[in-house]
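To keep things simple, chains are lettered A, B, C and D as they appear, and every chain counts its residues starting from 1.
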Amino acid sequence: MRGQVVVRLKREVLDPQGVTIGKALDNLGYEGVGSLRQGKVFDVELETNDPAAARSALESMARDLLANPVIEDYEIQLLDEGSAGEGLVTEEEGRA
Amino acid sequence: MRGQVVVRLKREVLDPQGVTIGKALDNLGYEGVGSLRQGKVFDVELETNDPAAARSALESMARDLLANPVIEDYEIQLLDEGSAGEGLVTEEEGRA
Amino acid sequence: MRVGVVYYPGSNCEQDAVYACRLVGLDAELVWHKQESLDGCDALILAGGFSYGDHLRCGAIAQFSPVMKQVERFASDGGPVLGICNGFQILVEMGLLPGALLANDGLKFRCQDTRMQVEKTDSPFTNAYAEGQILRLNMAHYEGNYFADEATLADIEQHQQVVMRFCGPNGERGAEHNPNGSINDIAALRNRAGNVMGLMPHPERVLTPELGSADGRLMFESLRVALTGMASAENTEPLEVIADV
Amino acid sequence: MSEIAERPRPQGDLASEAIALEHGMTSDEYAKVCEILDRQPTVTEIGMYSVMWSEHCSYKSSRVHLKTLPVEGDAVLQGPGENAGAVDLGDGIAGVFKVESHNHPSYIEPYQGAATGVGGILRDIITMGARPLALLDSLRFGQLDSGKNRHLLDGVVGGIAGYGNCMGIPTVGGEICFDPSYDKNPLVNAMCFGIAPADRIVKAVADGVGNPVIYVGAKTGRDGIYGVSLLASATFDAEAAEKRPAVQVGDPFTEKVLMEACLEIINKDLLVGMQDFGGAGLTCATSEMASNSGNGMEIDVALVPRRETGLSPYEVMLSESQERMMLVTTPEMIGDVMDIFGKWDLDAVVIGKVTDDGLLRVLEDGVMVAEVPAHSLAEDGPCYSRPYTIADPPEALCGADLPCDVDPAEVLKTLLQDPNIASKRWVFQQYDQTVRYNTVQRAGGEAAVIWLKEAGSDAAVAISLDGNPWYAGLDARRGAQLAVAEACRNVACTGAKPLGITNCLNFGSPEIEERMGQFAAAVQGMGEACRALDVPVTGGNVSFYNETVETPILPTPVVGAVGKLDRYDASVRSGFVAAGDTVWLVGAVDVSDAGLGGSAYVREFHDRRAGAPPALDLELEARLQRFLVAAAAEGLLASAKDCSDGGFAVALAEACFATPEAARTDAAQATAPRSALSGLLGAEVEIRASGDGVHAALFGETASRVVVSSRAGDDVALAALAARHDVPIAAIGKVTEAAQLRIDVAGETPVQEDIQELYATWSGALAQAMENN
């Protein structure tokens, strides 16, 4: 199965990258951009075909390694064999 | 409206970060991880409420700035006012 | 003859580049990224550092600075443009040089001396070197791992665009002599016309043996030769350092 | 006082004594606030007092002791009290420097904690109007067999690198020690050195009634607000507490443009005064600037740029968001100031003005929410003489007490791969050490040497940061003396004359008598050493409460020394230069009386934490340092290497590793095969020691001992110069072409080793400890 872990800075944490990119978009003439924040996405291929097992593996990877619980939250999506983003199966959110 | 641009290294480009994280997962005892690749996600808040306008704004931001076409592909998702990931409205893929 | 050293918010090697130019008798001055014109510069150096904090991708945001339209025109008119470190990253982001720069294969910032061999001396930046000469320059970067896809790479090699490659003390090649994982050990790369060159190591940090090595100095001397035809024009005047303290 | 009472009272909830206690204040402190105000304070006001009167800002437990340190000297331009100290480097140049700790944040989030620590010390230097030229770091961790400690080291080094590299300021030196006492309480101390014109050091003043007060830099968020328990109390909604980020995220890019803009403003003479927002944020900057000028200040927090909505005045006044500065300028100059900030795309706003009534008045949208005498916040904090007990210094531990049958060559190899002694290349390779093209000697030598090129000078400074925690753990007073001696000796080894020191005193809880005793003794020892060596203290930092329930850290006084070299191209390096050169021991040359207390050898092979640390004869130390400086000035030293961790044998081996060619060709990965390495030299020496004293002679860490080498033709002159300085010197052997280390002791040859192999062991050990676990 394929899965995805999206890791984002917590809302209240400063995101210097997002701020700089937002300003750059302003300078490029993009108006109407309210805010921009940058996160990370991990595309993981898992050998298991059991959604529950896959989800719990992703969950613990996110907690143990992919997200820094002090400043980041994560979100998990399980995808079918199709391309990333398509075939949304389920999703879970957590304060890492 | 809220939108999301996901930027990923092209398949043929080596992703050293992904490889390293994959190894770290191995070391932590995660078995059955076929592959792991790391990408970026940009959460953008747009002032417009018109999906078509929003999509085209995201599209051109991705093309102009957020992705480097030499090494990266991007993917766009438009979200409603709900939380990230929820309320998938539409989606588009592109070789930047 | 004047060299313009282009810098951006977050650049941090612009004064070093000006110093290096002046050391070899070239007139040099800073060009702020918001300038609309190049004020008649005869050569350009894009300085190293962390333009815009290296946010998004190194060099990605700097390419949109107001002055860059002029830089692009200058380059396409055949003017000499040298991108050092972040300057190299900006040049590839702009597409003035092919390929891209990824994170070092060790996934760490690395500051160290590194060896490279000069392959092409028919260039405004290397004419004072001997072909095959092995240099010791200093590098300091996180994203200097040069990458190009197969077709691009073949094209680069075919058109002799590789100016220098990483190597060992006797010119030997191999992973242990390649400090960042660059494909084909590419250390310095030029465009097809030869007037635009980028490299990750810093020639402006190796100008005198007292500070490690003088091997970078010849790169600036080469530029002087290219601009003035003067093979030796040692600056005998005391150097005016940009005093901003 | 009565004047205040007649004025309208600030709006907002009143703070009871209970609320003050929740802010960590004492009942007496609360009473003192009520007395100063002649009324009950508001919650906002008590928040402001609590941070300004905290240990961190007011030095209430340490001040009585710190007062005893020598702070004056010919070279001192600025002693303790401002954001950083300054010494005169000649030619109108001031050297501005300071060290500061960021220990607790680095344990919670190592990357960001260390990064923001670097950001903080940089702002201290910039605030003095100086351009930072170099960073150094002193780090302490638990041992690397623990994954947690490897994670901490990796993160901390990454954070220091991430911040300093992006700022374009080379990180050129430092030190690291590993000891179990730091397991739950690592130490991250960062030092910065910068230069300013001697006649234009900027102060944190708010002169000129009516002058505008400018806020510039990052927007304010809820970062690092104290009074945690209070936020959860009825006065504040629980949600606000939830929203407080546990750590601050550093933004070196913003700091870089902030630095350039501020320096441009100073260069154009557009400034009255400047202060960074350090601990206690806006409260600290406003009250200190006003108080320093005997003035008052009025600001409106509604004008402060924010990162999120709904911040209360309390939160704005106490926020510790990074990368912000406060400037006072004049109405005439403000246009030019704002233009410069505009050039650098920085957010800058006028948030208030200087007043004449001595009061710090805080408004929110025109409504007064706090009004307190600025002076009372900044200067009237409590000062305690806490009770303490100083332990008796332990007896010396001699070689004869410690029989050891391990082959000395094996001891040497083991010590060389102890992460405490092994090359720190894995660390400093991640630091940009060469940016700005001033770095004459990078990390890896005795002291970093930085050319003052930007001031148009041929002079250079040498900087070293040192503090052996095991010595201080055994005897805090002598440990502090030894730290001063080593830092200055390292500087002198390059040929530079030490001019002043800064210090960071990392200790446990001042409320425990033994810990307070360690602190008192350390300050006493530091003062004694500074007086003897004639190096004043120009500033520093105290970090208390470095302990967990189970253990306190070893008392850790860290000393940063700065010295001056007249010529940047004449500095002496630590490695041997040429075969045939004579090898000497200078200073404490008698290897037979080496005490072993606190040594790496005893830790490693006897598992003992006992005995007195190395003896230190401060008079001899002073003469030795003067001799080194004189010998370098006369060009008589080919190399100089201090004997410290690991003792004489380790120092000798390191002098062989650091030959100029090796230093330069060492380009390949630390972990890669050493095939690329060339140019290593060897040494053949003979020392005298009685039979069972061999280990003590080779591995004892006797202070004031330096291995130097000289060209054969200089031998006579060098010996004569040593005699003139009344410094013992002994020729012990030669530098050899063959890369072999041979040490003869009393007719035997306990050490005869291949330098290539020793080098491989030493240079790869730390990377191995980090990567192969």
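The criterion applied here is as follows: a contact is a pair of C-beta atoms (placed from the backbone, for glycine too) under 8 Å apart; a residue touches a chain by one contact, two chains touch by 3 or more.
It should be emphasised that the depicted structure is a prediction, and the values quoted were computed from it without experimental measurement.
The interface holding more C-beta pairs in contact, when A-D is weighed against A-C, is A-D. Averaged C-alpha coordinates put the centre of chain A at 9 Å from the centre of chain B. Work out the mean CA point of chain B and of chain D, and you get 42 Å between them. Rounded to whole angstrom, the centroid-to-centroid distance between chain A and chain C, based on C-alpha atoms, equals 36 Å. Touching of two or more other chains is recorded for residues 16, 20-21, 24, 28, 38 of chain A. Shared interface positions of chain D, defined as residues touching 2 or more other chains, are 251, 253-254, 345. Shared interface positions of chain C, i.e. residues touching 2 or more other chains, are given as 52-53, 55-56, 61, 64. Those chain pairs judged to touch are A-B, A-C, A-D, B-C, C-D.
On the side of chain C, the complex with chain D involves touching residues 9-13, 15-16, 19, 32, 34, 48-50, 52-55, 106, 108-115, 136, 138, 140, 142, 168-169, 176-177, 179, 202, 204-205, 207, 210-213, 241-245. Interface residues of chain A, counted against chain D in their complex, comprise 9-16, 19-20, 23, 68, 70-71. Partner chain A is touched in their complex by these residues of chain B: 6, 8, 18, 21, 24-25, 28, 30-48, 57, 61, 64-66, 75, 77, 83-86, 88, 91, 93. Residue ranges on chain C touching chain B, taken from their complex, read 56-57, 60-61, 64, 92-93, 98-100, 102-105, 107, 145, 147, 149, 181.
By the touch criterion stated above, chain D contacts chain C in their complex at residues 130-131, 158, 161-162, 165-168, 194-197, 251-254, 256-257, 260, 263-264, 267, 343-345, 428-437, 439-440, 451, 453-456, 568-569, 664-669, 672-673, 675-676, 678.
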